[in-house]
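Each of the next two complexes has chain A plus one more chain, namely chain B in the first and chain C in the second.
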Partner chain A sequence: MEVMPKIPKSWNLETKPHKFCPGCGHGMVLKALGQAIDELGIQDRMVFGCDIGCSLLSWDFFNVDTVQTHHGRTTPVMVGVKRANPELIVVAYMGDGGGYAIGSQHLVNAATRDDKITVLLVNNTNYAMTGGQMAPTTMPGQKTETTPYGRDVSEAGYPMMGPEMVAAISHEGAYVARGSVAKFRRLKAYIKKALENQMAGRGFSFVEALSTCPTNWRTNAQQTWAFLEDQMTKQYPPGELKTPTGKEA
Partner chain B sequence: MGEKPIRGEQKTFMTGNEAVAWAALAAGAEIMYGYPITPQNEIMQYWTRLAPKYEKRFLQTEDELSAGFTTVGGVLAGRRAFTATAGPGNVLMQEPMSMAEAMRIPTVVIVQQRGGPSTATVIYSQQEVTLTCFGGNGEGLRVVYSTSSHQELFDYTIKAFNTAWKYRFPTFVLADGYQAKMRESLVIYDPQEKGIAMVPTEAYVGKAGAPGEDRAPAHLRNTYNIEEELVEVLEESIKEYDQMAPQITEYEEFNTENADVLLIAHGIVFRSVAMAARELTAEGLKVGYFRPITLRPFPQEELRRAAAKAKRLLVVESAYGQLLKLVKENLYGMDVPIETYLRPGVGITPEEVVTRAKTILGEEE
Partner chain C sequence: MEKTALKYVEKEVHQGKAFFRIFPGLCKGCGLCREKCPEEAISWSEELGVYGTPTVVADPEKCIACGACEQVCPDCAIAIERKAKEKE
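Right, the complex of A and B next:
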């Protein structure tokens, strides 16, 4: 019997076990990315950029050239790398705060300019590294450290629909999808297609990964999974939003 | 690569912004990232006209944060990359340049100072000295050249790439709106033909070979878990900065022996000061000048030596005491009196300097 899932070859084993909290979804997203890197054979021409927040813990995660940047600024750093050397395959890895709040202008403009980069954004509905404050993706009614009575949308606004926005402003060759760590194979397929889109030079590619944060959600395993599967997917429907090469079956 | 942009020495008459674009081309800059802000716009405008002829690239970004961070990315990819900004743009530029400072990324930034604070004027000032020298949440581990003419804009833009890539500290060419917009004659040239070798660039990421097999992967970060980790990195950078300082500090001086007044100025104000000093000297007065060309690192020993021989100093600048602060800090412990002529965001003529110097000399008699 084959043991699944395999540890990707592109992972840096010296830094495993990784530094994310137990039950955190980052490890799953990075496993999906690692497997996609392996399958596409791009480890030696890849540059991985990670943001501030929990995503920065991936700065030595892969045996891939990696640069950890500032909060929200991974997109422009990777745009700069790609523009300077288009042979490289670049991934900007960030959380919802980095991509949708402090760095939203970079996401919007990179998508509009059709920069040939891949943005991989992890949505766990809160600012986790700073202790669980409200994020652009916090669900209506969800309690966080800065919405202790639940997110009141009349005061604190509505959740950010990232992939929907990127799909609306990006161009024909762009690839846009929302996956979930609960559907690992599908998430990996989305990430792989995003990278392939960049490799083919078709256009901007963007994948949001719905993820888990039991530490700040203060949930046990069952509650964690239920929040992800039952509540988050209602607000944030997974699937492909823009597919230059056709949808996943 | 295409042919060389400049052959031989060419006497030209152009704006400072145009001179910067030509200098970047001559220095072998490969990509510029930029965002519009007056008075530096024409650097981008000339670059975008010239660049395609020489297989160079340009990206207009969404703001100065992005212009700075894409420049960081371009350098990480191993390119001679640069950007230019001014005023409020320079404020935003400090975030990416603090990353460059932390990670020793040799970015080059041209700053054409405009009035401040806030939006102020698009015209001119010397009010971005403190910001350019010490901006960011760090220690000011950067190099700042303050130019005073178009020839210097050309020369020091070329030099900035070499200083940045040799020592791996972010490097700034600090000029102003007058220098940016004014036309002046200068000689442009190819640095190689002048015996100036360009320091080779090197990729930080995307190097040859399989990471983890043929070579170690690049794992570059600016975040540390504990205080000791941070201080170890900082101490190494500070040590290298201090070792570099005596090799790159530059200054100019005139008539510093027993001056009754030693004028101190930088940038374009220095030109008024130099004219005033010569005029006053011709009248038989003992007036000299000292001009720091590098504001970071500052020519401390040289200024102290000159100041020790002077009866008093007169600091002249188009800011309310930013150069003055640098001067005082570098003269700490000396008792030479310091007079000032501070005109924030306003140009200073030689006549004004002459009048002020004469008043001071008159007071003394």
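Right, the complex of A and C next:
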């Protein structure tokens, strides 16, 4: 028997190795999503939307219908797809810059309207594709291209607490969680529950994934995990914030 | 995927009860797997990966086939296979 790598069935083999940098968390988030799609058996009725930013490098990532659009606008585009055909399962995949800054109004309005879509947002604490500028999620004191002395909250504001905000403005059937690529199984469980919430037509579903960007963080493997697990999780506590069907154990 | 991506290097680990497989054509040499191994069983290999950087190899004496490295690899370059499962 031919030995194959353990790649999710829903991934497009033709485009692997994928386009993300070595050690990029996008690969782990999309692996969790791929496994979730496989386990739920929804590949045939999925539509995947990716944003501007490194998330767009996933435009040919899956063997599912895919669209790519601008900063945070992936959310309303997927809302349109879902409204046109509610049988489809749609995922709007974006970065923290796209989802929380440039296109944040779309996240706010989709959550408020309780659109039955799933938004998966990758928090890597910077605008990665454009070279590592400050994002709404940049940590206090974190150095980026535009905060060379570290983010000073008195001038540059405080980090954006996305899931907390979505939990506050969304409605009863909404699912809201924050996972981390360092806890892969749990992140996958959250993504699966967010998809199931959409499939059950309960409400808006939102998962933020704490992720890694070794290229712009300028970190080696050990420093990459340390920044994610010791620093980011203090500012951004992982866990479920809104669960129509009860919390993960 | 290029045909070369299917090439793999295999090591019997965990007292011969499992295989540690690395697919060099997928490995980008990021090192995230090495840091996550609870047994510190992973070291750099002579075999080069897709970007010409070293790939990884597991020490058969140390590896317990827990699968942590496989799980965190962003590129699905590691596959742990327990032999017992094969026989079932």
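Definition applied: the second predicted complex is superposed on the first by the 243 of 249 C-alpha atoms of A that agree within 3 Å, B and C clash if a C-alpha of one lies under 4 Å from a C-alpha of the other, contacts with A are read in each partner's own complex, and residues count from 1 in each chain.
Keep in mind that, in the parts below, a contact is a pair of C-beta atoms (placed from the backbone, for glycine too) under 8 Å apart; a residue touches a chain by one contact, two chains touch by 3 or more.
If you're wondering where the values come from, they're calculated on a predicted model, not measured in any experiment.
Novice: So if we stack both complexes on chain A, do chain B and chain C clash, or do they fit?
Specialist: Here chain B and chain C can both sit on chain A without a clash.
Novice: Tell me the angle subtended at the Cα centre of chain A by the Cα centres of chain B and chain C, rounded to the nearest 10 °.
Specialist: 130
Novice: So, does A:Gln105 touch the first partner chain B, the second partner chain C, both, or neither?
Specialist: first
Novice: Who does A:Leu88 touch here: chain B (first), chain C (second), both, or neither?
Specialist: It touches chain B, and chain C stays clear.
Novice: Contacts for A:Gly27 in the overlay, against chain B (first) and chain C (second): which applies, first, second, both or neither?
Specialist: second
Novice: Which partner chains sit in contact with A:Val79 here, chain B, chain C, both or neither? Use first/second/both/neither.
Specialist: It touches chain B, and chain C stays clear.
Novice: Going by the contact rule set out at the top, does A:Gln68 touch chain B (first), chain C (second), both, or neither?
Specialist: Only chain B; A:Gln68 stays clear of chain C.
Novice: Between chain B (first) and chain C (second), which, if any, makes contact with A:Arg45: first, second, both or neither?
Specialist: In the superposed model, A:Arg45 contacts chain B only, not chain C.
Novice: Quick check on the superposed pair: does A:Trp59 touch chain B, chain C, both, or neither? Answer first, second, both or neither.
Specialist: Once the two structures are laid over each other on A, A:Trp59 reaches chain B alone.
Novice: Pick out the closest CA atoms of chain B and chain C after fitting on chain A and give their distance in Å.
Specialist: In the combined three-chain model, chain B comes within 14 Å of chain C at the C-alpha level.
Novice: Enumerate the residues of chain A that count as touching chain B in its complex and touching chain C in the other.
Specialist: Touching chain B in the first complex and chain C in the second, no residue of chain A appears in both lists.
Novice: Report the residues of chain A in contact with chain C in the complex, numbered from low to high.
Specialist: The contact residues of chain A facing chain C are 2-8, 11, 13-18, 20-28, 31, 181-182, 184-185, 212, 214, 220-222, 224-225.
Novice: Provide the residue numbers of chain B that touch chain A in the complex, in ascending order.
Specialist: Spelled out, the residues of chain B in touch with chain A are 30-31, 33, 57, 59, 61-63, 65-66, 69-79, 81, 95-96, 99, 203-207, 209-213, 217-223.
Novice: Sort out for me which residues of chain C touch chain A in the complex.
Specialist: Its residues touching chain A are 1, 5-6, 8, 10, 21, 23, 25-26, 28-32, 34-36, 50-51, 53, 70-72, 74-77, 79.
Novice: Where on chain A is chain B touching in the complex?
Specialist: Chain A reaches chain B through residues 10, 12, 43-45, 47, 52, 56, 59-60, 62-70, 73, 76-85, 87-88, 105-106, 108-109.
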